[in-house]
Amino acid sequence: MSKRHLLALFNDFDEAVAAIAELRAANIKGFDMDDLILKSPIEHPEVEKVLGDKPVHVQWFTLIGACMGGLLAFFLISGAQANFFSQIKGGKPIVPLPPDFVLTYEMFILGGVFITVLGFLICAGLPAKRSSLYSTKVSEDQIGILVKGDESALAAFKTIFTKHKALEIQEEAGK
Amino acid sequence: MSITNLLENWSDFRQQHPSEDRPHREYKWAMSIDLDACTGCNACSVACYAENNLPVVGKEKFAHGHSHHWIRIERYWDNDGREFADQGAQFLPMLCQQCESAPCETVCPVGATNHTADGLNSQVYNRCVGSRYCNANCPYKARYFNWYDYPTTDNVWPEPMNQQLNPDVTVRGKGVMEKCTFCVQRLTVAKSNARSEGRSVLDGEVQTACQQVCPTGAISFGNLVDPSAKVGKQWKQQQVDLNKDKQAKDVTESAAKLRGYRILEELRTYPSVMYLEQLRESAI
Amino acid sequence: MGKDIREDIAWAQINKDVLKSLESPRKLYWVILFIALAMIGVAVGCEIYQYTGGMGVSNKNNSHVWGLYIATFIFWIGMSHSGTLLSAILHLMHADWRKPIYRFAEAMTTFSLMTAGLFVLVHLGRLWQVYYVMPYPNERWVWPNFQSPLVWDMFAIATYLSSSVLFLYVGMIPDLAICRDNIHAGWRKKLYTVMSLGWEGTDRQWRNFRITYLTIACFLIPLAVSVHSIVASDFAMSNMPGWHVTSFPPYFVAGALYSGCAAIITLFIILRYVFRFEEYMTLPIMKKLVRLTFAIAMVWTYLNLIEFASVWYGHDQTAKDQLIFKATGPYAPFFWAMIFFGSILPLMLAFKRIQTHLPILLVVSILLNVGMWLERWMIIAPSFAHGHYPWTWDHDQWPSLVQWGIVFGSFGWFTLLFMVFCKVFPSVSMYEVKEMVYHRSLALKHKPAVKGDY
Amino acid sequence: MIENSFNRRGFLKVLGWGGATVALSGCGNTSVEDGKEFVTSYVQTADYIIPSIGTYFNSTCAQCNAGCGIMGRVREGRVLKLEGNPKSPINNGKMCGLGQAGVQAHYNPDRIREPLLRTGDKGEAITWEKALALINEKVGGVKAENVAFLTGGVSGHVKALLKNYLDALGSGHHYVYEAVAPSIMRAANKKAYGVEMPRLHLDKAKVIVSFGADFLGAWISPVHFSQQYARFRKADKGERGVLVQVESKMTLTGANADRWLAIRPGTEGILALGLINALAAAGVSVPGDVVGAVKEYTVDRVSKDTGVSAEHIGKLAALLKERSPSLIIAGSAVEGYAHGSQNATAIALLNQVLGNVGKTVEAPSSVPFPQMAPTAGNRFALQALNDNMAQDKVKVLFSYGANPVFTAPASMKLKENLKKVPFKVVFAHYMDETAVEADLVLPLNSALEDWATAMPEYIAEGAQLSIQQPLMEKLYPGTLGMGDILLALLKQRRPEEYKGYEDFYSYLRSAMVSIKGALGGANEDDDTFWDTALSRGVVKLVGAPVNISSNASAKGLVVPAPFVEDSAYPLHLIPAVSASMRDGRNANEPWLQESPDPLTTIVWDSWVEMHPKTAAKLGIVEGDIVEVASRSGAIKAQVYVFTGIHPDVISMPLGYGHEAMGRYAKGVGVNAFKILDPIFDKETGELAMHETRVKVSKAGQRVVIVKDEGPAGGNQMGRKIAVRMSSSKVNLSEEV
């Protein structure tokens, strides 16, 4: 059965939260709560709570990136020093630890930042094409709920949205 | 490969320098300068100009502190308000001290200055990017920077003066740091000759230009590793130890009669140049 | 004391106000841009002269091997620290008053780093060989000297610059989406479309965005501290009297934050005036900023004094001679000017009336930065003039016009970058101002506003 | 591989040079592209060229008259560096800065490259044939007595040829002129010891009292004396020698003295007599007539006259008595006064009283070939020439090795008198002040491309003939050696006698070979003798010992005049002879200009040395430009204030202030020769160089002096940099 998208825009965040809660409670056939996407102009973790517990994995990228950065730097640098004609400088050991730690530290951060951003792009699914149902109002001041469901469920969605004072409901064109 | 090399020879790479347990193997070039013999005549400085292709910068640039005398004669007076400098002056030839633990080496961003196996503080002109950090960190200020392009734009050696240039020594272009090399071009030849004869360089076989010219023989130069070398004997007699930052003279009273000392030793640069104190007669 | 921001400000109005700043500039903008370009021209001319003639034309010499270039390099590096302070530290501390002003501060970080980087190049005697400093694999196993604080600088600044740019960019993605949604034609449309990466503000995006932003902020704080500590190491690691000081790293970090905050005050006032951002860059925020600056000024003063005190009461006669020389020798006017601008003048900031008096603040903030620039110069020049070795002391070598010209031009370069940024990217974070308004109005709803001031 | 400079035993092959005309590759100034240079294969080179290997050729330094042996490093046909010839007993392989700068005289870009004939105000390049013909014509047109030949000090075969030429002309006048020369001392020595130039053995002395003799810097044979000085300080056996320097202006030697005694200018003789008196009082045996002559010179009086404290006079006398043998040296500071001869005589007497003659003051040997013996120059010669020119007695003037226009005081009006000479020929390296005045300028080979022999006036033992051989091919085809020129001139006069010699080289070789018996080559064939002589660079001569008088006698002692105040010109001007600049002939060698003056560290300029007291009195600080005015003229220079000078004295270096000569010399500093007053030593008639009185006034300008020392001056600021200790603590003879 084909699925269709529906986007509802709300002015009032509380109403949107209520709409989501109702959608969850309504247990509409042909609709999975995972198919609900909340679009919003600002970051508001307290609103997103209504969507349930959704894990974030960016920090794993951070950990790996930082460790890789640090390790790579240390071995690259000390390896380079050991193979640079074994040149003694200023009476210090050929592989001097304090300076190497300074650089390891810097590369630890650099690796961490770069891979975090990479992780962010992967986890957030960016860059992406915009979905067909998108309103510029979302980037202004309105909150949007994008749902995907069977054709049969559309009517139920609309009812709930309208009830919660949706300003506008956009519907994906049929196939 | 690098990592294997790193791990296998880890203790070698962690070795501090100078150290008693790992002395220089075949050569450790060192100098001693007898300030009682030095008359301040400047012959050494001119010899260095001739040997090492040092540019004559002229009055205006000299006034700006752009001079290039790898060995310079400093002249000190007694500054105790006496009416006349009646004990004469103290002359001191100052050149790169070829420190065993040279402050200039650690700070060079590109590794253009290094400690060689012979105990020299080498300067790789090709590698130098001209950050001048080495000079900033040299307590003796014995490093000289090419502030201008002396050979070309400054025309320091107008035809045919350029024919005098020593082909064994690079003519440095602008933006490069330079300093006394202990006449490394001469050392290289001597070592190469000795190697082809299956021996080490003998004492007196190689002289630096300044040493060679010095009319009073105030400068001794040689290989500290060689027990027969004059310079080594001098160091030993003066109880100046390459690897120490405090010598017997500074520590024990009975050694107060020794003349040997190294300049700014407290900075732990471990210089390879020992100076012998000037003497003055007290009967007059 | 008023509110940091009006809670009833319409979100659409925020978009409108900020986007207005991206519109075609006024005449004044072009005039300033032209002046900036002319300043850059002066610097470029000086650099060409220096490049072809040799470093000698800058009036450096074998005693004064460094000069204004390195002093100004530290100045610009220092300037960059405020952006991190405002965006990262205050972000972690949930100080939401940072939100209207952090964007331009971050831009300032990036651009002052880019300006600082140029001084490294200008300073080199053999600029054309600068890539030797980079660790690149090569046939001969020749590497840079990782022991050199200058290489640490290179690593730290590269890390800092790229992290700052990423931080600025990531934080700007939602705003770029706003721009994309509101601008419908031309190169801007394409630019915003590409740069916003298809941001739609979905919950998944926001969730990952939040954690990413926080993580980078966490990284940036130690990074910023390390960067200026490393710059301080250029000096503290050497053995020059006047440089070889244990307290240099924190002293440099404090100085960096100090000059950065002063610069933010300056730019705050200018942007507020030029882009009519009175609604966002409000006086209460300015007040907080000024108090922060005052606190940092006092920290800096303290560190400065303990540096002097530890030298004065220490046994290093060479360093002591150096300090006395600094205060009494030919550099004394500059030294005392630095003390006045850096430690005495900021006392004015303690007065409430001055804390919101924008014209005075503008002048004072610029003078504070003059003081901070002098501080950097007073670290460099007197030490070279009066180092370990009396024979090579040099008390009458002053920077030539070439040096001054390049330093002068660097301000033009910074201005140019900053002005272009302000016209291409929103210099106030729209989505975060909305968040601020949202959270403040929520707070209003749930509990009564506290009476009076802080 | 790079060449080995030092392994002399195994590596160095010092080879005889086959002739001046040998073509050497790689030394041309032209390029292959021009089609002017020959490309020479290095597969088969001449046996003395090894590509990239330096070979060494011995020769003789011509930078001053000391005659040090040099060893030129030659690579690919170019001389690169001059080092000392270890076989020369004068310098034993050592060199001074001046000598090393010889390569810069050779490669100097300002050398004259072809003969120039004056036409109006300009010089026109002409050929040598034309130039020599012109000389022939001019010399032929005047009487022999109207021909004057002015030279610096000459010796060896060039001197012999010059004499032959003058003889061939029917004897012209030969004026031997040196602007800076110890000629008063020579005369006084002759009187006291019977020899002009006794040999001084510094190394045998335990105490040296030097009255203004800068033997480490610029006096007679400084490299030789410096080596003796090193042995004097660090004797193989026994104690370290004590050096006391008595002078009004500190010299380099004074700066190395254990005690430097600032003395009123000109009172050195009084101090010497006072010392004799003190020694006699202390029980040293002094002949009765001497005691009688000096008895007035009590310590108090001497101290008052000389300004040297009684304490120091007493200590000095005690030291001289206690440590024997000693050596008393009279230097240029002693002889530069109207009573210079008297001063020098008094000092010679002190040596005799102390019994030093025969111990540290010894006789020289006689020279077997008097025609080659050195003719020492003096200042009187120029005076005589000048008088003759003023009286129109000179019609043709030759000038060689002298720059009288530069070194003559303005009061002589030498330049004006020169104009009265119808034809002036100058043999020159540069267009110096004298060459500019010439009618014909003949460019000379540099000392490194010329053949010559020299007999040094001062050599520690015996006598020697030093050989100067070309170290490389001539840089310019248009220059000629002095020997070749004289030979060509002689061929004009005595063609029969000289036609057998193609050039000076062949003359020299045959002349040397013909006396090889006397030169120690009796048993060798000609080629071996010649090659050995060249490869050694020096030939020992067997000389007979000369008697030296050790008799102390008051006969001939004239009591020197005490110091007289002059209120109009209150200060004495001491023209200082520096080790690098000397009389200014080497001023166009940039190494010397940039080599800091040892005491002031000033480069590239003249200066006025002044005592801080004097400066304070006049309100002068370092860097003030002052006008130094004597009765004969005034010059302006910067002031350098230091305590190495007597308050009654100011000092200016000689050799600066060239108005011509070349890019490195012209316009650098001022010429102190110009303002010297015409005051002469009463006995010899020599110009008294130190007798000029001057007044100093501020010119209102102030400059930053260009010098090597920094704002700390000579202060170590409490750092342990140059350290000094008492010699009583150390026994140097035990040191390595």
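Each chain carries a letter (A, B, C and D) given by its place in the written order, and its residues are counted from 1.
Just so we're on the same page, contacts are C-beta pairs under 8 Å (C-beta built on N, C-alpha and C of every residue); 3 or more make two chains touch, one makes a residue touch a chain.
Since the model is a prediction, treat every value here as computed from it, not as a measurement.
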Co-neighbours of subunit D and subunit A - touch as defined: B, C
Chain pair whose interface holds the most contacting C-beta pairs: B-D
Distance from subunit B to subunit A - Cα centre to Cα centre, in angstrom: 63
Centroid distance [mean C-alpha coordinates] between subunit C and subunit B, Å: 43
Gap in Å, rounded to a whole number, between the CA centres of subunit D and subunit B: 32
Residue numbers of subunit A (touch at least two other chains): 80-81, 83-85, 89-90, 92
Multi-partner residues of subunit D (at least 2 other chains): 704, 709, 715-716, 719, 721
Subunit B: positions in contact with at least two other chains: 67, 72, 74, 103, 106-108, 111, 264
Arrangement of touching chains [line / ring / star / complete / other]: other
Chain-to-chain touches, reported pairwise for every pair that qualifies: A-B, A-C, B-C, B-D, C-D
Interface residues, subunit A side, partner subunit C - complex: 13, 37-45, 48, 51, 54, 56, 58-59, 62, 76-77, 80-81, 83-85, 89-90, 92, 96, 99-100, 102-103, 105-107, 109-110, 112-114, 116-117, 119-121, 123-131, 134, 136, 138-141, 144, 146
Contacting residues of subunit B [partner subunit D, same complex]: 34-37, 39-43, 45-47, 49-51, 56-59, 62-63, 67, 69, 72-77, 79, 82-92, 158-161, 163-168, 185-186, 188-190, 192-193, 205-207, 209, 212-218, 230, 233-234, 237, 256-257, 259, 261, 263-264, 275-284
Subunit A contact footprint on subunit B (complex, rising order): 2-3, 5-6, 9-10, 12-18, 100-108, 111, 113-115, 270
Residues on subunit C engaged by subunit D in the complex (per definition of touch): 63, 317-318, 321, 388-396
Of subunit D, residues touching subunit B in the complex: 1-7, 10-11, 27, 29, 52, 75-76, 78-84, 91, 93-97, 100-101, 103-104, 107-109, 216-217, 222-223, 226-227, 229-230, 233-234, 240, 242, 244-245, 250, 252-262, 312, 315-316, 318-319, 475, 579-580, 590-596, 598-599, 601, 603-605, 613, 642-644, 668, 704, 706, 708-709, 713-716, 719-730, 732, 735-736
